[in-house]
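Quick one: the structure is below, and I'll ask about it shortly.
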Amino acid sequence: MTTLTLRGWLLAEVPRSKGQARCQRVFISWLAFKRNPVAVIGLLIIASLVMVALLAPWLTSTEALELNLAKRLQPPGGEHWFGTDELGRDILDRIIWGSRITLYIVGLVSIIVVPIGLVIGVVAGYIGGWVDNFLMRLTDIFLAFPRLILAMALVAALGPGLENAVLAIALTTWSPFARIARAEALTIRNSDFILAARMQGVSTAGILTRHVAPLCMSSVIVRLTLDMAGIILTAAGLGFLGLGAQPPTPEWGAMISLGRQYLIDQWWVPTMPGIAILVVSLGFNLLGDGLRDVFDPKSGGNQ
Amino acid sequence: MKKIKITLLGFAAALMLVTGASQAATPKNTFVLAKDIADIITMDPAEVFELTTGEIIANIYDRIMMFEPEDLQNLVGGVAESWEVSEDGKTITFKVRSGLKFHSGNPVRAEDVAWSLQRVVKLNKTPAFIVTQFGWNADNVDSLVKATDNDHLQITITEEFSPGLVLNALSAGIASVVDKKLVMSHEKDGDLGYDWLKSNSAGSGAFSLKTWKANEIVMLQAHKGYRHGAPGMDRVILQHVSEPSSQRLLLEKGDIDMARNLTPDQVKGIEGNSDIAVDGHPKGTIVYMAANAGHPILGKDKVVQAMRHLIDYDSMADSFLAGQFVVHQAFWPAGLWGALETTPYKQDVVTAKALLAEAGHADGFELTIHTLTNSPFPEIAQAVQANLAKGGIKTNIVTLEGKTLWPKYRAREHDIILAHWSPDYVDPHSNADAFANNPDNRFEAKKTGHLTWRNAWSDDASNSLAIKARNELDLDKRKQQYLELQAMLQKKGPFVIMFQQNEQVARRRNLDGFVSGSNFDLVFYRNVTKR
Amino acid sequence: MIDIQGLDVVFGHGNKAFHAVRNVSLAVEKGQSFGLVGESGSGKTTVLRALAGLLDRVAAVSGVMTVAGETLQQQRSQAFRRHVQMVFQDPYGSLHPRHTVDTILSEPARVHKLDRIEERVVAALEEVGLNASFRFRYPHQISGGQRQRVSVARALITDPDIVLLDEPTSALDVSVQAEVLNLLMRLKREHGLTYVLVSHNLAVVAHVCETLSVMQNGGIVETMSVQQLREHSSTMPYTRQLMTASLGYDRGAIDAFEEFGQ
Amino acid sequence: MRASSVLKAAGPGRALPSKLVKASGVIVSLILTFVGLTAVTFTIGRVMPADPVLAIVGDRASQEVYDQVFLQLGLDKPIYVQYLKYLGQLLQGDLGTSIMTAQPVAEDILRFFPATMELATVATLLGVFVGIPMGVLAAVKQGRWPDHVVRVIGLIGYSAPIFWLGMVALLVFYARLDWVAGPGRLDVFYDGIVDPVSGILLLDAALAGEWDIFDNALDHLILPASILGTFALAYIARMTRSFMLDQLGQEYILTARVKGIPEWQVIWRHAFRNVLVQLITIIGLTYASLLEGSVLTETIFSWPGIGLYITKSLFNNDMNAVLGGTIVVGVCFVGINMLSDLLYKLVDPRVR
Amino acid sequence: MMDAALLRVEELHVSYNTPTGLVQAVKGVSFELGREKLGIVGESGSGKSQTGRAILGLTAPGGEVRARRIEFEGTDLLHADRRTMRHIRGAGISMIMQDPKYSLNPVMTVGKQIEEAFLVHSKDSKREAYRRTLEMLRAVKIREPDRVYRAYPHEVSGGMGQRIMIAMMMIPEPSIIIADEPTSALDVTVQLQVLAVLDDMISERGMGLIFISHDLNLIASFCDRILIMYGGQVMEECNAAELHRARHPYTRGLLDCLPRLGGSQHELSVLRRDPAWLETRGETS
């Protein structure tokens, strides 16, 4: 009954309040999203990542993260589903705890990158002229920079560690977002509703924040989701080069890095975290593909 | 011989054309060894101070004094046929062997030998301290080191030093004899050929340098006219392979003859392979932990002592270090003259806790451990972290590349450093000077060559004993003094010495005669042969 | 009410410069409706946008424009923004796709710091014949005609004196066009609005306006009253041809068409 | 696309001949990018905790030796003086000497860059020749199984950590199956036989007629290029699919079908020609990003490329090398972008 | 006038499966076409364009076409295989779309696109194709056919683009042309000139034309016969000349709500839609 009325409320022809209208919009997008099996799989993966991260203390035993040199390098089996690592720790447990770090990276990068990219892109695209020129030159410089190398340089300068790695990644990732936001802003700025807003005397700041930016958001979010995999991989790459999370933090890239010498005889040590990274980036990619189909029906999906 | 077989290879579902791999075996006359050679920055013996180049120049240059691969225990003359020590022990006269030839064909003269040492002092690169400590400097070296005639070299020291120590020091890389004529023909702006010699060789050793491509390859060519006869191999190639796993694969496939950087677990992995043999070579490298005495808590002797009791040396040495590191708890490596081989410490949490309580830190405290990024340091650091936690000492690990770690260390910016050390030359003084002697503990003194200074630790008893042993003429007494000094440092001071390296070298079974001695520069290729 | 003297608009620069409007002058009385007719590219919309002050970043505008006695500066005043409003051609493009009707309508009121915003929104919706049930819908949830009504309502929120109409019905079906035209006529009567209407459709202009100018290649060809237009008393061949063409397909007449090329 | 091209025409500006403005704009932006690039790198070099002096003199050097080198390097001068001095040398074509290799940086780059170029080129070619057909196929069969297969492959290629993939591939295809050669560019005993004319081994070997070496070099190249290629392939296939879907929904495709043109011609002659226009930029970007040198792939495969060179230099605070490498990579990036813009203009009649 | 029907459509239905459910775009449309100009008029969403596309079998993916019969010159189009269909497209039935800006391939020259349409249905040489193309360009009254042949679509004006479309669709000499709002993107005078070209060619060659438009006025003056569509159904069918006598309230409503040049500024009459119009003719097949 309640679900029926909730659904009814969500699909009501005539929304009665701002809140209902907003919920409806989200719900209808969700309906469209739901029809895309690929995206749903992606969402499921990400959702389970979040769940695993939240439930980590209950999913793992407390002593699992401690060294147990007597039980090192045990193959996957009943006691240790993913085997144990070079210091005798349960790999599954470490992967579970590592999911928190992955989410932390993803979250932190997003909240740094999106605002920077959005502000620079929207301002450049909408204002145009020399402001655009200047901002885009700046963006170009960061684009032209070898990305991993810039990140490494930044980490090296800031000192290794997860926070610094994330910061470095963020500082090297914002440029494409600025470009996307700018491209969107360029098409938006000449649309009639922007002219209408100017006609009504809305200030430039108001147009940027209330009219242009929200419309750039969806492509930025899609791109962000698609880039997430890249971000995770870059973080893992930095971890691989010893510049990311510090031991014994169970960051997946660092786990591969330290475990790589065991690939030949104890394949599970680097392989399990490798698969974890693969699955999660796959999840983000699937989700991003799906979101793009929902937000931008012209590519993919039926027309 | 190589038919191109076209194989359809489905990798990641991408189809690509692949040419069949050659069934690899290295050529009969070539010795290929894989090693991480990224540390090479110069080939000039006056400047060489890195592990890889230490080994390479040992094969290119003959030194004044040498250990020969045939007998690694006893110091013998290199280019020096014989020597005489003056009464006061301050002047040594060497007779240079006759008939020696440089790779260039130039004869080896006493003048070359003298000039080589003068050059070291005048260029004053990092390793120069090994000889400048004898009182030589750019102004006086021409008179203190000189060729008295065509085959006699006379050196005089102005500081108090045991002549045994001086002879030992003259077996270091800086005592390599350089072809003066050849080098001076490449001199630019009075640089004594420094620029040229960085990437070229001018020696009289078993091999000459053919190519050095940084991060790629070093190729040596046999010196057929070597005084011990032509080396077994025409060419020696050091291939840069930084990944131990790659080294292992290459070795198993026969693409290389020897892998130098395998990890203990990889060595275990290839045990069953009948084509491969693994030899252990005890090395002078020790792994130690140092606590900054300038730190309010770490400055307390009891805290460091507690740490010595907290660490579980054996379980590390039995697991991830197995075969490549053994427990060793004194600053001079076991197996060398004057080494203290006792290992008094085992994990003993109760004692440790008591000591910490006495020091007023029963509730524990928090520290940062700085260490290197390459294996096994992150693993040791994590084990140490777990060990120290038992005493309530919480630690964070920061791993850094050496180039980033050393500036921190030299600026005394660390809490605890986990690192390694190998002697500069085979004399206990080399390590005693670093671990026990601190001539001036003031920060401005910048005695960065001394680990004691880096850890802001100075102790009069230790300082004076180190100097006394250095100057002692009597060998037995000298040995006793070093043993005493090591025992002293086991109980106090900022160092927790943990392990000594045992280099495991994996080679194809058809290869023999590779010699690796206790010090990093005691590696010889000339006896290598292949079946 | 509106007086434009010697308006010139140039887009771009250098050899890519495009002179979109040349020396256009026109005047509109208060309460009048003025039509601008012409084919695409004739500059009619540009004149409207220049008047609205929407070209400041994209084109060089010169000439003197006076509205209600106030000579316009490049940066339009807030008072101007309040008293001059505009309705755009494309009902799909002129409403922000992520804003509800309520947001769209209340924004101008908020910008001009008007009171009783909610009341105004409801009243404006009623005024254009939409009931309160439309208030929280998104543009994509309502039909083209309804959207155009929302556009009109938005223009009315600030109680303007002048409304600029840029092809307000050309994207609509004829039946909807009739409704919107009726709405515009009623609003004009009730509020005493002044209209400037741009359209390519002579019949629509004739229906709404009293006076019109025919534009071609950026200039005004002819200005006349609608009465004159109906009586076919135009002397300009271009206007006459437009008239003929708007009457429908007549094979015979087409061969007589002249090229009024650039 | 359409909207933005309309916008470009309507940009504001002053009365200068537009060609001149354009050309000078390109040059100014190049110079700015270049100065920005070097300035950022230089600054990073200065704030790095690694010590370039120690990189030269080693950990155990005495303070005296240290100070001597410190002065030699000019590190006592203010940073802007050092930077200007560097720029001055740069303008004379002098990139300085690398600490790490004891060679002029320019010579190092001539050695390392071709290695990366060889790798990146083959990888990109693989991505283009496999990825494009895959993408087209997926778009044409949208929603059916070929589409799903291509998408999954693309996504996996895009999601897998490249260093991990590399290690596994090395283990499987080199160690176990023995299909390809191992790490490195060449079996070491072949080293130095062929004179480095272009630095690209395949080319040099072919020029010298040393087919054994050619074969060996190819053997070594195939695996790392495939690994990098997987990434390029995934990206290109994915973009091709998306562009293709876009084009297939356009009206001119309907026109072509109305004409009665066979479907394969509709796809390749009509839709794909338009996709190609967009793909040029994508391929250019992919190539440029691979040219940056995949540090990770180069590490795994002991490939002496520019990425590894810059990385190693960075860790050693060998700033001349880092700057030199970054400049070359940056210039390549900008160059390739300009080239793809140019190609774009050649292929797309609308922007000519 | 309707001596031999070229095309017979009986009970055509087109439906789409959308997220919100099944949408019936066309519901039971039947008509015949001879060598005449048939106009289909209706407002947006009336199903007029869908009808045109369904005949060519070019309904967008996701759409389903059902009919009792679609027959072109004796061929059953409903069950024709792909090859037959391909042959009929272009050579039998052709279509002109609304906006040449989008319906011409932007990266191919105009000449190549016209030639292609010819060559795909002919075994003639390229040379012949070139000759025919130029001839065709002249036939649609393009003044400099050589220059236009080498031009790209973005280099020609809208009116010229639509003439090119006509040339391209006429060159394989089809029997039927479907023109879907062919002139609504053009200015009035240009629109009429283009229609004149189309008109002349149709009558010269004795072809059938289905002219789809929302412009009642235009259709009435241009076509011979008119179908008035609403909600996917045919409301009324009449001769163009007799449109003013149309009886259906929908047709009447459409006629009345147009502002007239000669009229005054009175209130326009507004169309009142009656749901009963759609109920009377449910789906019967």
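Letters A, B, C, D and E mark the chains as written, and numbering starts fresh at 1 in each.
Convention: a contact is a pair of C-beta atoms (placed from the backbone, for glycine too) under 8 Å apart; a residue touches a chain by one contact, two chains touch by 3 or more.
Note that the structure is a prediction, hence the values are computed from the model and not measured.
**Student:** By the touch criterion stated at the start, how many steps lie between chain D and chain E on the shortest route?
**Tutor:** Between chain D and chain E, the shortest chain-hopping route counts 1.
**Student:** More C-beta contacts across A-D or across C-E?
**Tutor:** A-D
**Student:** CA centre of chain A versus CA centre of chain B: separation in Å?
**Tutor:** Comparing mean C-alpha positions, chain B is 46 Å from chain A.
**Student:** Roughly how far is chain C from chain E, centre to centre by C-alpha average, rounded to an integer in Å?
**Tutor:** Taking the mean C-alpha position of each chain, the two centres sit 32 Å apart.
**Student:** Whole-Å distance, chain B centre to chain D centre, using C-alpha means?
**Tutor:** Computed value for the inter-centroid distance: 39 Å.
**Student:** Could you pull out the residues of chain B that touch at least 2 other chains?
**Tutor:** 243, 245, 249, 401, 404
**Student:** Which positions in chain A touch two or more other chains at once?
**Tutor:** Residue numbers touching two or more other chains: 128-129, 156, 159, 260, 263-264, 303.
**Student:** Quick one: which residues in chain E touch 2 or more of the other chains?
**Tutor:** If we look for residues of chain E contacting two or more partner chains, we find 61.
**Student:** Which residues of chain E touch chain D in the complex?
**Tutor:** Residue positions touching the partner: 56, 58, 61, 86-91, 94-95, 97, 99, 102-108, 116-117, 120-121, 152, 154-155, 165, 168-169, 172.
**Student:** Across the complex, what residues on chain D touch chain A?
**Tutor:** Touching chain A from chain D are residues 3-4, 6-7, 11-12, 29, 32-33, 36-37, 40-41, 44-45, 47-50, 142, 151, 155-156, 158-164, 167-168, 171, 175, 242, 245-246, 249, 289, 292-293, 295-296, 299, 307, 310-311, 314-315, 322, 326, 329-330, 333-334.
**Student:** Can you list the chain C residues touching chain A in their complex?
**Tutor:** 49, 52, 54, 57, 76, 78, 81-82, 84-86, 88-90, 93-98, 100, 102-103, 107-108, 111-112, 133, 136-138, 151, 154, 158
**Student:** Mind listing the chain E positions that touch chain C in their complex?
**Tutor:** Chain E reaches chain C through residues 43-44, 187-193, 195-196, 199, 214, 216-218, 220-222, 253-254, 257-263, 265, 267-271.
**Student:** Chain B touches which residues of chain D in the complex?
**Tutor:** Going by the criterion above, the answer is residues 48-51, 54-66, 68, 98-103, 108, 111, 126, 130, 149, 153, 156-157, 165, 167, 169-171, 173-175, 178-184, 187-189, 191-192, 212, 215-216, 218-219, 222, 226, 229-230, 233, 299-302, 304, 308-309, 312, 315-317.
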